[in-house]
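Following are the structures in question.
Below, chain A partners chain B and then partners chain C, in two separate complexes.
Up next is the complex of A and B:
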């Protein structure tokens, strides 16, 4: 292949190394007003009063917005006031919004607003939320509007949704087991910490046209939701998204867009910008979901797993927004990549008084993987089997079914045993799981496996438009957002490959606006290349057909005799004889001036095939198109004296189907691994007993830095997904999925105690070792 | 509100600006001068997205006041044209979303200028002041080492 597989330089590379790449906050103009939030200092409290007198006196303050007059918002359940009304449900919740002439004035005014609270009992964990008689986060849960009829909330509890998986015969399954283990694991809420904090600008024209510029993974969703929530005509809403400075799922939720729309409305439609400071981005905007899980696994004498009983209590935070979908996705793939005939899973989305959740890279799968893979190691130990062999004999394969009873085949699942074999070699497993270097230091290894399908809406669309320039070059327009994944460059590669032309003659529109760019549902779930790629290939067929049609007139030849390559249409049996795109892409002119044709414009679209909703009682259904599988390995250097450690090696082998852009794919996988190590090793919100977050800064919430990176090893297995562009599987998230589990497994071996809590900080390991109760 | 008129030397140009005493250099670069290559990531010195060079040393522009900068030579990413470091970043895919990139390039550019013989340890000390959330840092390491290596070959 000519372009597919090669490391084509990203189309926006030179913009990004010269500082000319524009992100939302880089747009500023005269007349732009600035908004600033006042956020709650309490996690659960009644608002007794808000005094805005001082703020309103400040010259240059144009509006002060309080909650009360706006409809409730939220994706699955409309449970969230855009600005708090009556009470606050999490630390950082917006309670007022100020609009002023400059950021400095807006901040000054916001600081002068006095809010008084009367504290309420705080629901400080998912487990606590689940207890009988727990304080209710939402008293009127039954009254909210919702679009989730399949897994509805349970009024009178903190349960926002309950997803059930019932597969096989549990009684029979447990009877077949010789060894059974049960483990409880937990991980607390954390943050995406994308380097660009969220930012939105809104402006409403005299004709009612609403223009929103926003750093989002889902501008098309912004358009739909603003329309639904506020009854605005969809055609009047235009949402623009320039380059996005990292997202990791955090920018798939719609929040600031709503606030800034309301702010603009309050000042007669004048343009208003709202940019999160880092503290707000961590506290106020949606974060990474938490989980308390209990997993019971049993296997027969030969180490074959026969039954699994799993309970997930997801900490969705104060509002359910996307957490309901996360709860469902976690249930759909609850067992991890193992063939298990008898599965019982209850996945609950819990309300707590924590910041609310949005998707996080992996969409529940790294979290569930941590729960399953820790238990897998415990069961392997009980059975007396090597953990790697144990995983291999239970690895899911074509012919098995998933927890939601999808029958797997050679196309819709990758080759897990092959991934495990490669990890086996790369981590030098046979050298031993643990090697003591001296009294103090040990080297220890851990492995894990993971899988993921993309449980996106069954009717999610993706479209592509191609237009030609007079010189025969092509413009490619897709609704995929360039959040850093390089997907748009990959789309250009796919087009170049299909048209057999130079990729440099394809120009990609990086920015998206919902009026002129065809919709790509959301840039999430590793689905950009698959869906938009399918649309690109269809659009390519469309332009090939048009090019050949006009060339057949010019060349006076039947269409079947023509072929396309190198920006030319030519005779298949006489390639030297033909026409260049530039002669026909804008119509063809005969020597006497007569002209035919016109600008060639092609289009393609794709919608996922055959997805179904899950059955409310059994979970049966087809939630996603294919399962990408991975195996991971981690080696640590552990200090037995103080429980500190260094990650030496991190390995991921992923069945990618087909490598489209080698360096870009490696970068995606390594980046995801780095995120996984960071979140597993250190990242968490530190809540006090009142549910307040004590570390909302990058100094106290400290992501991995340069010197802390381990040696990475990334390898690909290529089992093509038959219906995907050139066989490529989704891979944006998969480098992360099993990393927390592999790290926990390595450290459990090193410390000689099962570590069942994230993040894996030395203090926690020490406590586990010394059996200190947290 | 007290304002000052300053003459700043930025990217080899003299620029006149009117600033408040409390305005950070980052705010002035972005808002008054339209130099938006330096990014706000934390405004607290934690992330390095705002890194520029002041008298050829890397500085976090969110931690400097504009009024401190008179008489100093300021270089931002906009003052970099086809430098070896930029080329290496492109070649080694040393960025994804690109938000941290200006800061990393300015830091690394200053590193090779001031410490042409930097070893691994020194690279760590310098580059630890920036955060990249997208890459695994390995690509950045390769890009910087590539430039260091090529430089030492020239010498």
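Up next is the complex of A and C:
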């Protein structure tokens, strides 16, 4: 292969390393107004008064928006007022929006608004929300409009959605078990902490044209939702997205776009920008979901898992939005990558008085992996089996079925045993799980496995357009957002490979606008390379056909005698004889001036094949196209006295199908691992008893620092997905999935106590050890 | 983004700075001595700090002093922490300073700013408490010299019109064996659960602590406990812990019980290190 597999430098690299790359907030122009939110200081309270008198007196303040006159919004369930009405349901919820001539004026005015609250009882965890008689976060849950008829909310409770998996015969399954363990694990809500805080600009023209510029993973969804929520004509809405400075799922939700649209409307359509300050990005905008899980697993005497009963209580926060889909995705892959014939799972999306959830890299899978993999270690111990061997004999394989009863084959699932074997070697498992260095210090190892399919909409589209420049170079346009993953460079590689040409002669349009760029559903779920890649290959076929058609006239030869390479069409048997793209891509001119053909425009599209909705009673269905599998290992140096530790090594082996861009793939996996270590080891919201976040600043909310990173080892197994571009599987999220679990497993071994809560800070380990001390 | 307007002054002498301060006060304005600016910027944007007049001290020579003066080390209050580290005139201070915030921030955070700061850790003060340093303070009435033990009681006790100019430390303290340990909630970044600085003097171990209570301190009672001869190490640690002068914090960094656990181990280690590893 010529381009596929090589580490092509990403197309936007120069802009980024020179600091000239432009993100949404970098766009400023004359006449731009600025919005600032007033956000709730309480987690659950009645708003008794809002005094905007002072704010309205400030010269340069153009509008003050309060809730009450806007329709409810929300993706699965329309349960969320864009600006709070009557009550607030989470700390950080917008209660007013000020529009002013400058950011400073807007902030001054926002600071002058006085809001009085009357506190209500707070639902402060998913478990509490689930208890009988719990305070209701939404009193009128049954009255909301919704799209989700398969797993609807349950009025009179805090349940926004209940997804069931009923596979096999549980009674028979438990009868076959010799060893059974049950474990409860939990992790609290946290943040995405992308470098770029969210930002949106909206402007409404006199013709009703709505132009929105936004740092989003889902500009096409912004267009659809603004249309659905507010009855605007879809064609009048144009959404632009420049480069995005990190997203990790947090920018797949639509929030600020709605607020700037309303703000612009309130000031006669003038352009309005709303940029989150860091605290707002942490508190107000949707965050990383929390989970309380109970997992019961049983195996026979040979260590074969026979039954699993799993309950997930997802902390979706105050509004359901994407949490409903997260709940479903968690159920679909609930067992982790293991072949289990008898599975019962109840996955509940719970309302709480916490900031609400958006997707987070891995879309429920790192969280469920933590629950499953911790329990796997406990069961292995009970069975008396090495945890690595235990995983290997239960690894899911072609011929097995998933919890939703999809039959796996050699293409739609990777080779997990091979990943496990490689981790076995890399972590030097045979030297022992724990090695005491002296009385205080031990080196300990933990392993885990994970998998993921992408449970996106069954009809999610992706499209690509190719145009030519007169010099024969090609422009590639795709609706994939460049969120830092380098996907658009990989798309150029796929095109270069198929056309057998120099990738430097392919130009990629980085910015997306929903009017001229073909749609890519959302840049989420590790689907960019797969779906847009399929569209690229189809578009490549389209231009090859067109190029050959005109070349066959010019060269006076049948199409089947022609081939394409190095930006030329030539005779298969006489490669020196042919025409360059530049002679034919804009039509061919004969010496006498006669011209034939015309501008060549190629297009391609892709839609996922054969996905089905899940059965509401059994969960049966085909939620996603393929499963990428991974194995992880982590080695820690643990201080048994202080309960402190250093992560020495983090290993991920992922069956990627085919490596398309080696360094980019490693970067993706390593970056994901780092994100996993960060929330496994430190990142979390700390809630007080009133449900307020006590650490909504980077002073006290601290992602992993570069200096704290371990040695990363990333390796790939290549089991091709037959219908994917060159066999490549999704890989954007998978490096993260089993990392929290592997860290917890290593530390549980080191500390001699089962650690079932994240983050794994030394104090938590100390407390767990104190708790079991005789 | 700082949502308030302020006047900016950059005096060249201490007298000028004091005069501006007085004038602004007289006009009913809130003046604010400024050098690195980290606190005004980071707290100002979240409405926890405010100023009408910012008086930038960086152009005044005295506050930028960094020298050996006979038997004394003279350090200006507006030296950036990284400058303090690079000069390395007081190795314990170098170590303490190097663990505050991150390098980029320390290029801005100043010695005086950290000691006078609104954020309660104020770790840069610990070495000066241990070394009985002298604070050089200037006001309209002139220059006064005060012992740190006197002027720093949890925070720097200055009158409204007083300004910390320099910290003077006898050189003998800079050559003593020392230990500095900063323990955080997790790994290598963030505020301290506890920071402990210790010096081995002729009369025993001196120890100062930040992060444990809502202010940094040096406690004679703790030191007496730690230095009580003829008792076992566990008893000494217990007596030291009993000498903690105020409520131990429970906050997002950690609980009071855990802080006590961590402090106990830190004290054990530092006694072992300063007394030569022989712990009975």
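One rule holds in what follows: the second predicted complex is superposed on the first by the 771 of 774 C-alpha atoms of A that agree within 3 Å, B and C clash if a C-alpha of one lies under 4 Å from a C-alpha of the other, contacts with A are read in each partner's own complex, and residues count from 1 in each chain.
Assume contacts are C-beta pairs under 8 Å (C-beta built on N, C-alpha and C of every residue); 3 or more make two chains touch, one makes a residue touch a chain.
Predicted, not measured: the structure shown is a model, and the values here were computed from it.
By the touch criterion defined above, A:610 reaches neither chain B nor chain C.
In the superposed model, A:699 makes contact with both chain B and chain C. Looking at the shared chain after the overlay, A:206 reaches neither chain B nor chain C.
The wider contact with chain A, measured as residues touched, comes from B rather than the other of chain B and chain C. In the superposition on chain A, A:759 makes contact with chain C only, not with chain B. Once the two complexes are overlaid on the shared chain, A:31 sits clear of chain B and of chain C alike. Of the two partner chains, chain B is the only one that A:193 touches; chain C does not reach it.
Within the superposed three-chain model, A:277 lies in touch with chain B and with chain C [touch as defined at top].
Shared-chain residue A:641: touches chain C; no touch with chain B. In the superposition on chain A, A:707 makes contact with both chain B and chain C.
According to the touch criterion, the shared surface of chain A, contacted by chain B in one complex and chain C in the other, consists of residues 104, 277, 697, 699, 702, 704-705, 707.
Residues 1-4, 42, 45-47, 102, 183, 185-191, 251-255, 258, 261-262, 265 of chain C are the ones touching chain A in the complex. Contact residues of chain A toward chain C in the complex are 103-104, 107-108, 111, 277, 279, 641-642, 644, 646, 681-682, 686, 694-695, 697, 699-700, 702, 704-705, 707-708, 759, 761-763, 766-767. Listing the residues of chain A that touch chain B in their complex gives 7, 9-10, 12-23, 25-26, 28, 104, 193-197, 243-248, 275, 277-278, 483-486, 663-664, 667-668, 670-671, 673-675, 697-699, 702-707, 709, 712.
Note for the complex: chain B touches chain A at residues 20, 22, 30-31, 35-47, 49, 76-78, 80-81, 86, 89-93, 95-102, 105, 123-125, 127-128, 130-141.
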